[in-house]
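Accompanying notes for the structure given below.
Letters A, B, C and D mark the chains as written, and numbering starts fresh at 1 in each.
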Amino acid sequence: MLTIDSFADVAARYQVFFFDAFGVLKNSHGLIPGIPDTFAYLRENQKQFYILTNDASRSPQQLAESYWRMGLMDITPDNIISSGMLAREYLELKVNQGTVAYLGTEDSAHYIESTERKALSISELNLDAIGDINALVMLDDEGFDWNTDLNKATNLLRRRNIPVIVANTDATYPTSKTQVAIAIGGVADMLESIVGKQFIRFGKPDAQMFMFAYERVMEQNPALGKKDIVMIGDTLRTDISGGNKFGLDTVLVLTGNIPAEDAEIRIRSTGIIPTYVCESAVIG
Amino acid sequence: MLTIDSFADVAARYQVFFFDAFGVLKNSHGLIPGIPDTFAYLRENQKQFYILTNDASRSPQQLAESYWRMGLMDITPDNIISSGMLAREYLELKVNQGTVAYLGTEDSAHYIESTERKALSISELNLDAIGDINALVMLDDEGFDWNTDLNKATNLLRRRNIPVIVANTDATYPTSKTQVAIAIGGVADMLESIVGKQFIRFGKPDAQMFMFAYERVMEQNPALGKKDIVMIGDTLRTDISGGNKFGLDTVLVLTGNIPAEDAEIRIRSTGIIPTYVCESAVIG
Amino acid sequence: MLTIDSFADVAARYQVFFFDAFGVLKNSHGLIPGIPDTFAYLRENQKQFYILTNDASRSPQQLAESYWRMGLMDITPDNIISSGMLAREYLELKVNQGTVAYLGTEDSAHYIESTERKALSISELNLDAIGDINALVMLDDEGFDWNTDLNKATNLLRRRNIPVIVANTDATYPTSKTQVAIAIGGVADMLESIVGKQFIRFGKPDAQMFMFAYERVMEQNPALGKKDIVMIGDTLRTDISGGNKFGLDTVLVLTGNIPAEDAEIRIRSTGIIPTYVCESAVIG
Amino acid sequence: MLTIDSFADVAARYQVFFFDAFGVLKNSHGLIPGIPDTFAYLRENQKQFYILTNDASRSPQQLAESYWRMGLMDITPDNIISSGMLAREYLELKVNQGTVAYLGTEDSAHYIESTERKALSISELNLDAIGDINALVMLDDEGFDWNTDLNKATNLLRRRNIPVIVANTDATYPTSKTQVAIAIGGVADMLESIVGKQFIRFGKPDAQMFMFAYERVMEQNPALGKKDIVMIGDTLRTDISGGNKFGLDTVLVLTGNIPAEDAEIRIRSTGIIPTYVCESAVIG
């Protein structure tokens, strides 16, 4: 039988907290009740925290502001590690000129733009003028017409052998208590299979996401190590699998993807084993 | 080195011809030059033929008429075996009441409608009234809005455990000499992976497509057998793989998917080995 | 909630019965208690039956004898359709000369040997003399040394572009109430992924298996149709999925792979929906 | 057309070199001719280097000694990053008691043993006494009997929900100029698919392998960054894909996996694009 641990007991053992956002801190109704108490506890006990999110649709600044509007003032842009930041680092290191085409909203293009690179929405792309397109970045499922623009992206990739960066590894995201929408990660799987080329994916469970946060921890306090960090998430395939592989202890919370009655069978059938299972990330 | 055979020599050895349509008989410009001579040869020598197509967007009658408009009068609706016909047979045997939701054009819905079943486009579906939806059929990539209706289909399949029938196993289809469009088969792969349920696919290379044509051959002349039939196609993964597995001899023609210079490496790298390779299906 | 039907009630509605063997008629202890009564019922009511098995390790004659030894005398070799028979038909139609290499026991090689073809176990193969090897057939997980002979098979397939036929689509098979062994189908998946070529698989859920049995039904009584046939199995992925797609009604029985308490969640999570669920295939 | 660059020109641009081993520094005949000159150049120019290898069959000490025996004395154990080291780090962080079962040779078990953990070869495992087995590690394809021990591993994983660590992501490795053997990574893919649970894989192209080497670079010289490092390999799927994603420039050399005449088509068909292509990693 599955043991349910008290999150307060678990929290006492760690110095640094990596949180998933959706299903852990918030859901489609807003903040999960009690979460502000958890952040008060972290503040009072001077514990570090980071939010690791596969959401490249908005900048860290915009993501932080969305918490402020819900009344959670503890979260600053510096606390947020988004998969879009890894896409931006890749572009900075590897694509330093020309135009980068993208699928997503104008907000999401924030991760592309720089003095060296021009960002161009696939919806604006002319297939007869693609000679200076040096990469395609998939950022968000909104901001373009799927019927025409996914076909355009397919034909672009048949003609130009360029890297394709996917800044979101999720297949779906919840839009209400009962409904989901297809995420750009799910769309990317389709395009990758159709064009037969290997895309570059950033986001949990990939180690680079955890590394990015880990480097910030080291900058703050080099005396800490992986043993001092716990990853808290509601999804086995991304949060728990990625945290485990990076060598962190992990907490599965039951406020999101996985209802309490399914937790045991899901852990058994996937073989993805969290260190702890807690009702929620609420201390109180 | 790859041996290229004369199609006239190959044709002389068989009594029955199974043709793929696109890339063999026609391309985006119309009939492939010389193809009417092949059908004259078949007529004069009283050889049977069938067209096996993964195209469920139109009825056999409409497909035959499209050949008539291009000047090829030999093809009747009875000569055409489309993957849509297998979807219709499935519905007749297994879904004999209620409403069948579909993704596709109104023309494609021809394969669903009957006195017992109502067809309903996903674009008309109300997610709050899905109690009598007994199947979802994916027929064509046109006729619906991908952004909204693929999300609708995803949510329908999360709430109702119903069979999903995919009447096209292709991932893309050509729209011009250099461009392709994503086919409903490619969209189906994405939805299947997202909802995590097994879909039912009809179309080459699946044996049922060949069986359907084979039964027609047997009705015409029970003395014939698989040794008398040859499958002619331009695609290794569907036409040649399916024909081989069904026990037929196969001809890869180089007028479609595979340019002559790539044929050898494609055969070697896939391990899908046609009995013959010919320049085209033209006798002349 | 899942409805459990009486197998006697279901049986009364059909004229022809397709049975899976393991988990339906027998298990690791012998015949499932009560199964002889089912065959007495079929005999008395003059109903046809066939056993469709993904077991190519023995000939239909040997398989029938194994039932006789357990006291079930109704089953003749003619009632048995094994995936090995499809492999043999393929070889007869497509590989009519030279040597066919195989992985399996000497008993399993029965499906290869003929006056035109020589069978050669991979364990006897000399990699320096492979010029006349025209196919590789994977029949059984026993009869060869995995360490050396799977490496031999890999190197054979890198040097000769020949068809590979897999006469068993199962990944594992039970060896006792609690243990399983890896089946040749599981080994084939590994080799296929390693050599990167497409193998030809015979066995449920593939339509050709059902077609083979269906043709026998038609020979016995051409007035019957798919509506008169029911497929009975313990495995969703092979028996039920294949039966459904072929257009047959299907019965999931709970005497094998799926314990009663898991049936509902498995049906829901896979989307493979049997027409009926029964405790067993026992009439009594 | 593919441009071939001079390795000497490329080398001049970087301060740190990450090398793959097999196909870059050595092949089945020994050192690739001229490689000692490359290491003399690195020594004379005080450039750092690391060897990143998906080989967990031997310790860094044993791997370094194998270079010494071939006459290359520049390589010390500290220069070698093996996937086995990542497996060991995982065990140290996450499995700190009980017994760890393994598939591999006794030499490979070096990566498991510690004062807290006992290592047990699957060949010694008694399936009736598995209560203290807390992980399974797959290290090497030798040292066990595949027929019996892979079945044992399958049954172990059906009964105990424990993490499975795969310390090698390669599917095959070369044993001579023309032959390959199945690597433990290929065997792991089969077991993972059979038991249906998610395994934890360490090795290129995974970011953790590169991070491990990168941390050593930072310890030596914190002023360096990813722009100063180049990854040199003969395999697109591991060396080049992993290096690119980590943000490094990459060199594909043609002394291993990919013959010169295939390089262009492989790069185009996979979409894995090296920064440079060079004949070899030889400077001279």
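Some observations on this one:
The working rule: a contact is a pair of C-beta atoms (placed from the backbone, for glycine too) under 8 Å apart; a residue touches a chain by one contact, two chains touch by 3 or more.
These numbers come from a predicted model, not from an experiment.
Identification of common neighbours of subunit A and subunit D yields an empty set.
Think of it this way: of A-B, B-C or C-D, only one pair shares over half of the A-D contact pairs by residue number, and it is B-C. In this assembly, A is the chain whose CA centroid lies farthest from the centroid of subunit C. Annotation: 40 Å between the Cα-based centres of subunit C and subunit D. Averaged C-alpha coordinates put the centre of subunit B at 44 Å from the centre of subunit D.
Put simply, the C-alpha centre of subunit B and that of subunit C have 28 angstrom between them.
None of the residues of subunit C touches two or more other chains.
The full set of touching chain pairs reads A-B, A-D, B-C, C-D.
Residue ranges of subunit C in contact with subunit B, taken from their complex: 89-90, 93-94, 157, 161-164, 195-200, 206-208, 211, 226-227, 237, 241, 244-249, 267-273.
Put simply, subunit C touches subunit D in their complex at residues 127, 145-147, 150-151, 154-155, 158-159, 171-172, 178-182, 186-187, 189-190, 193-194.
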